Amino acid sequence: MDILLSESIRQIAGKLQSWRRDFHHFAESGWFEFRTATIVADELHRLGYSLKMGKEVIKADARMGLPPESVLQAQEQRAIKQGALTKWLPHFSGGFTGIVATLDTGKPGPTLAFRVDMDALDQNEEQTHVHFPYAEGFSSCNAQMMHACGHDGHTAIGLGLANILKKYESQLTGKIKLIFQPAEEGTRGAKSMAEAGVVDDVDLFIAIHIGLGVPQGELVCGSDNFLATTKIDVTYRGVAAHSGAKPEEGKNALLAAAHAVLGLHAISRHSEGSSRINVGVLQAGIGRNVIPDYALMKVETRGKTNEINEFVYHQALNIIDGAAKMQGVEYDIKLMGAAQSSQPSPVWVDFIYHQAQQHIPELSSVAKSFQQPAGSEDATYFMERVKANGGQATYLIFGSQLSAGHHHERFDFDENVMKTAVKTLATIALHLPSFEAT
Amino acid sequence: MDILLSESIRQIAGKLQSWRRDFHHFAESGWFEFRTATIVADELHRLGYSLKMGKEVIKADARMGLPPESVLQAQEQRAIKQGALTKWLPHFSGGFTGIVATLDTGKPGPTLAFRVDMDALDQNEEQTHVHFPYAEGFSSCNAQMMHACGHDGHTAIGLGLANILKKYESQLTGKIKLIFQPAEEGTRGAKSMAEAGVVDDVDLFIAIHIGLGVPQGELVCGSDNFLATTKIDVTYRGVAAHSGAKPEEGKNALLAAAHAVLGLHAISRHSEGSSRINVGVLQAGIGRNVIPDYALMKVETRGKTNEINEFVYHQALNIIDGAAKMQGVEYDIKLMGAAQSSQPSPVWVDFIYHQAQQHIPELSSVAKSFQQPAGSEDATYFMERVKANGGQATYLIFGSQLSAGHHHERFDFDENVMKTAVKTLATIALHLPSFEAT
Amino acid sequence: MDILLSESIRQIAGKLQSWRRDFHHFAESGWFEFRTATIVADELHRLGYSLKMGKEVIKADARMGLPPESVLQAQEQRAIKQGALTKWLPHFSGGFTGIVATLDTGKPGPTLAFRVDMDALDQNEEQTHVHFPYAEGFSSCNAQMMHACGHDGHTAIGLGLANILKKYESQLTGKIKLIFQPAEEGTRGAKSMAEAGVVDDVDLFIAIHIGLGVPQGELVCGSDNFLATTKIDVTYRGVAAHSGAKPEEGKNALLAAAHAVLGLHAISRHSEGSSRINVGVLQAGIGRNVIPDYALMKVETRGKTNEINEFVYHQALNIIDGAAKMQGVEYDIKLMGAAQSSQPSPVWVDFIYHQAQQHIPELSSVAKSFQQPAGSEDATYFMERVKANGGQATYLIFGSQLSAGHHHERFDFDENVMKTAVKTLATIALHLPSFEAT
Amino acid sequence: MDILLSESIRQIAGKLQSWRRDFHHFAESGWFEFRTATIVADELHRLGYSLKMGKEVIKADARMGLPPESVLQAQEQRAIKQGALTKWLPHFSGGFTGIVATLDTGKPGPTLAFRVDMDALDQNEEQTHVHFPYAEGFSSCNAQMMHACGHDGHTAIGLGLANILKKYESQLTGKIKLIFQPAEEGTRGAKSMAEAGVVDDVDLFIAIHIGLGVPQGELVCGSDNFLATTKIDVTYRGVAAHSGAKPEEGKNALLAAAHAVLGLHAISRHSEGSSRINVGVLQAGIGRNVIPDYALMKVETRGKTNEINEFVYHQALNIIDGAAKMQGVEYDIKLMGAAQSSQPSPVWVDFIYHQAQQHIPELSSVAKSFQQPAGSEDATYFMERVKANGGQATYLIFGSQLSAGHHHERFDFDENVMKTAVKTLATIALHLPSFEAT
């Protein structure tokens, strides 16, 4: 069986690479994955999966950090010029770029879901020969959009897995769902799919990532320690006035923001675990001799647990509000992203651990856990929802050599990791009948 | 006439000095003038003035910066031990230490009021031989109470004037009121007397001060530029917690106060004139390892006009409130003092100017106006009230050589100024029939 | 004489209008007045004035708020496309856009200088039919550059005056200098011309402005109360770090800036007169989850006197420095503009006042002074330099009806004011022999 | 053996109680333990221990948080009145209230040290019948000094242990040192004894505490997680000025402190573990209308490791310095206390664990470790010094029922814990020959 599977994967290796490089070249940031989504949909349809797309799998008002309608439209036009398949585009129009593909074996068994994400980051890619994607001609052609986190690989893995699972359908049981999620960067997209109910029938859940500091050839079966996080944009609006002639007529939005910045950073530590606060961006005022009438702050809170993040976030709301009152200015808060903390399910992790050790000799090492260094991931929304319904969930990391750290302009990964990932995930699906969920 | 008057004043010169030195020795701070008030009442009664005292001339809830009842009682006991006349004490008990003495000539004519203040400052006096009051044995015997502003002289001038006016009663017209006010320091007392209506029948009003940087021998007939002011105590109350074990359980009153301090000082300048803000005192917290659960701020705002002071004060209220909300703490604000801005009435100033030039050769110089350097004075409450009722009001300064600046621990003045003051004020009263109030 | 002069001005009225509208259409911001300067130079040369230009009249390192070289070059290219006279352009290349034209009568007499400014503001102009310049087809064709302060009119007045003075040269005495200054907005240009010595031989100096709230038909002979000012850009540079993973590795430039903003606004009031402080713009940080490694603040200080402005500026330097040390970040300060306070010379104002009353019946009203409401003007550099050398100086305002306030996107003025201004200024020059400078 | 020991302890139970109650009644705060120390010295001398005291065991300039000389003298007088043994007093005079008693068995073996602390807290004790010490007549007779942490019990345990060890001297080996430490509260005293070298010959070290949330009857053999801490007093000194008349002449110490408070609380979290910062007390300014010329802050930093505490402390120094520079004020920093983080030695903990399980049936439960909830303890100075010299060290907690939490005005403990403690510590000493230090 393992040998057959290896051969099957060898056969699609070229496809994995070409998908990945295509997605990398036409990198699309969160909620803009129009071209990517149509290509994914087309392949899954071709394979015979039952598809749900767009508003069927995304709850509109649970989307976070959504760009303005005009920008979404411009990006959709960009996607069309870059080869988006117009046949599928209407499903995704308006920023509904998610897909759920289901394979129902008709046989009894649990529902197993795999989640991959599709979005790029809002940054420019290195465009010199030292950078492999540029040297090979597949670096991003879109300004301020770059796959610098490996989601291009994740999407390709998802399609590769879809091919393999279809091929071995007869040996599978229960139902398998493949979830292609938009806007993971900034932790903006998962909540809208989770709230649309896409994992409500799922018994076993796996999200994946490549790289993340795990060495090439190593598999982590239960990545741990994702921080809960809330990401908000805060806008203060005051009243402008000439700073020389009539300063008393102003209501100073920058003063409010300066108080807020200091107040936010001074939120108390929590005795029960790590917390974080950051005001990463502040933009205020229009001219040197004008009392600033607006200020925009990009803020994020984090906590080791949802409770600690809630504590910090609640304090932050008080501080933002009080600072506005100090200066008599108005404000609004826009939720731009959020993720939860979530612990992998131990029994499910154990099962995966043993399957990997037994069946994937390509892996030089298999670990049960790995402490994420204080990052956040919105797959936790799916994990918590599955667990709340009595299911089991985990987060896998496939180690890979990286040319530069995640989010770096020269980020790249060893494409071989995609084969290992597809093989491991398919193996888990194929051996599921031996899993006992206690 | 002038010569007779000079002779009369020469006769009471000794009394002026002994009154002043007695009051200086038994210095009593604002609302504690129990001993002083009984002595003043007794003398005015002896002279035959009609007296109103205590609650008759002070509106209880318009008093500002009143110490706690227990402290008032202790001070009353102290006053008794120091010779307060118990016969009069009940009038003043509980912090009602004001007196209004009226001389009704029975003849037609305007009602003329003179106001003097009686309180000392909350500070220790120099107790060494370089300081004249100590060398002469009349420095303050009360800790943290010292006549470092000359109000002992003002009270003596008031009594001296009462003697002279009584002596020349037959030559006077209309009514004359002598107002002995408590708690001018901190601008706490005048409002309560003004609101009790003590100047509501007054046509012409004069408040006086000695010194203030005006050279010895000079008279200022219309001191100008008093800043309007509001003085408040702000207390923040949060929740204490162990700063190591459970910092998140605290609500930090000191953080609120720190934001307030910075916010208050950052209140905008006003394009229409001078403004001031100060947090003169901040006391917060109980122990190094406890999240501070309280903070006390002593704050004052000032403005060239009542409107500017109102602007600053209104901003201050927002800032104090917003800072509390930032930290989730409670607060209360106690009004501790207030004064208004007030312009002298020009026609009345002119009249005094000409009387002084004509009749008081002791004066080396007479000026119509003098710009107070950004201080405040609550006689302005009387002035504004008189003017609002159609009367005229002014503020006189009798220049004097000082041994040290006002509020200095070695402050002292040349006692001769008291004679000049009594003569000038009596002269104004005696020549009032020649005044035409247009 | 007055009638002849009126007729002469009537003859150039068309030119005044076409100059003004041409300059308005091709509005050029400070240090970018390439096209304007070549046209001015060409006309003055045609009239026979002796010219000094560019580096002859501008001290390179005394220029403030100079844009980067690349931007200057791009603007010079823009000017060429818009008709700049390439014959004169080399003089002005690199941001040296000033001209001084001299008419030496050869007869004895004082040296009289007139200063006008040529720059537009960095803002867009209203482009709808409600706005007269748009309706008439001469609104600005340059984005982010608009004559919203009337300097287009000033330049036209300068050229009109040059024409008239040349025509009446035989009746003039002494020397006359016409100064065309760049970059008055932001008070950036005058210092560089003053330090180049262009008024060092000047006995009598006049700077002009139109509008400024003075009613149509009124002349102010000695505008007063310009605030001294200093304008700086402050950049903090820290160290970026991931706010979740390694916050302790960051050095937070935004925290430094937030402290600086609060500290700057809390600079003490000054008892000797008005002061101002503003942080008009703050831009900091690059991403929500990154510790901000830079922050830019646009700051200005002002004071009723140079001393008060110096006080505020000195305090500001301490605060900026201390805030950097608090966070361990680096900073630099760039001087972007400055102006002084300056009082008009009374005898010179009187002379102009009487000339205007006698000879300019078009004026409905002539005033000696007018309190500028807390604005700043760098003509004060010329005024102070002339006065320091024993000369006399003043600042004239020619009232005009405005369609909207200065710096408004719909600002426009009544073009008739240009004729009145030229006639008044020429009249002063022609009657100079009757002036006695005591 | 165990039975004999139990009997011996039963015999001294009354002494334990009377010592404890005597120390409780005459509670003495840190560096004031004059009476306590003389009684301890007298008893140890009586038993025949070799004593080192005062300057022999305390390095003068390593003492932290030492009160002024005048206060020390007054407290020494107080101690004399309360029965301090004047024979021993000279050793401790001036705040050198430490004792080290040595028992040298003459037999080979390791040097074992026990450390107890003797100081009370700066707080008042409940003086009502609900409070057992009051009801029994032994509540504190000293204002602002109360044994609210159990150190009275520790001292009694130390004396009880001295008695037992002397009695069983023949069965002991090596050397035993009993360290009686002053000023543990505020973590002020241990450093001065450690730096005097008192544990430099120690191979095995035990510090003890009672209570701390551990249940009655339970022993913790290796208390863990003490936070490293640094405690400082910061004084800002500026220049006072009248806030109305000459605000610009002030240098505002309160503004500096307000910036420091906000800056300190905004020190970054550390990714490697817990940190803490607190400004527990701020006192600033002398009068409402005076620019504050001084401000005192009581600050403490903490960290899970010495490195994290160092990080916070170093940031704090920058912030304190920068805030001073912002306002042009001077400052000084006084070290008031410090403690380190320290891990118990595992092999030594294991040994104690097994001894306790085997020999102390009174213990209902024995635990190896217990996470101190973010408190600090300066016994860590001894622990780290012993470990640095190759020795082993740990910190024992003897659980006890408490009437109220530590540092509460109604704190009290079950006195039976003293017997258990003496028995356990003596047992460890008696079984030491069986310990193998690997």
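Order of writing sets the chain letters: A, B, C and D. Residues in each chain are counted from 1.
Going forward, a residue touches a chain if its C-beta (ideal position, glycine included) is under 8 Å from a C-beta of that chain, and two chains touch if they have at least 3 such contacts.
Quick caveat, the model's predicted, so the values are computed rather than measured.
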Contact-richer chain pair (by C-beta pairs counted) among A-D and B-D: B-D
Most distant chain from chain C, judged by the mean position of its C-alpha atoms: D
Centre-to-centre distance between chain D and chain B (centres being mean Cα positions), rounded to whole Å: 53
For chain B, residues that touch 2 or more chains besides their own: 245-247, 252, 255, 259, 262-263, 265-266, 268-269, 271, 276, 291, 373-374
Residues of chain B that touch chain A when the two form their complex: 245-248, 250, 252, 255, 259, 262-263, 266, 268-272, 291, 311, 315, 318-319, 321-328
Chain D residues within the chain B interface of the complex: 186, 227, 229, 231, 242-247, 252, 254-255, 257-259, 261-262, 265, 276, 278-292, 295, 298-300, 302, 336, 373-376
Footprint of chain D on chain A - complex, ascending: 262-263, 265-266, 269, 271, 274-276, 373-374
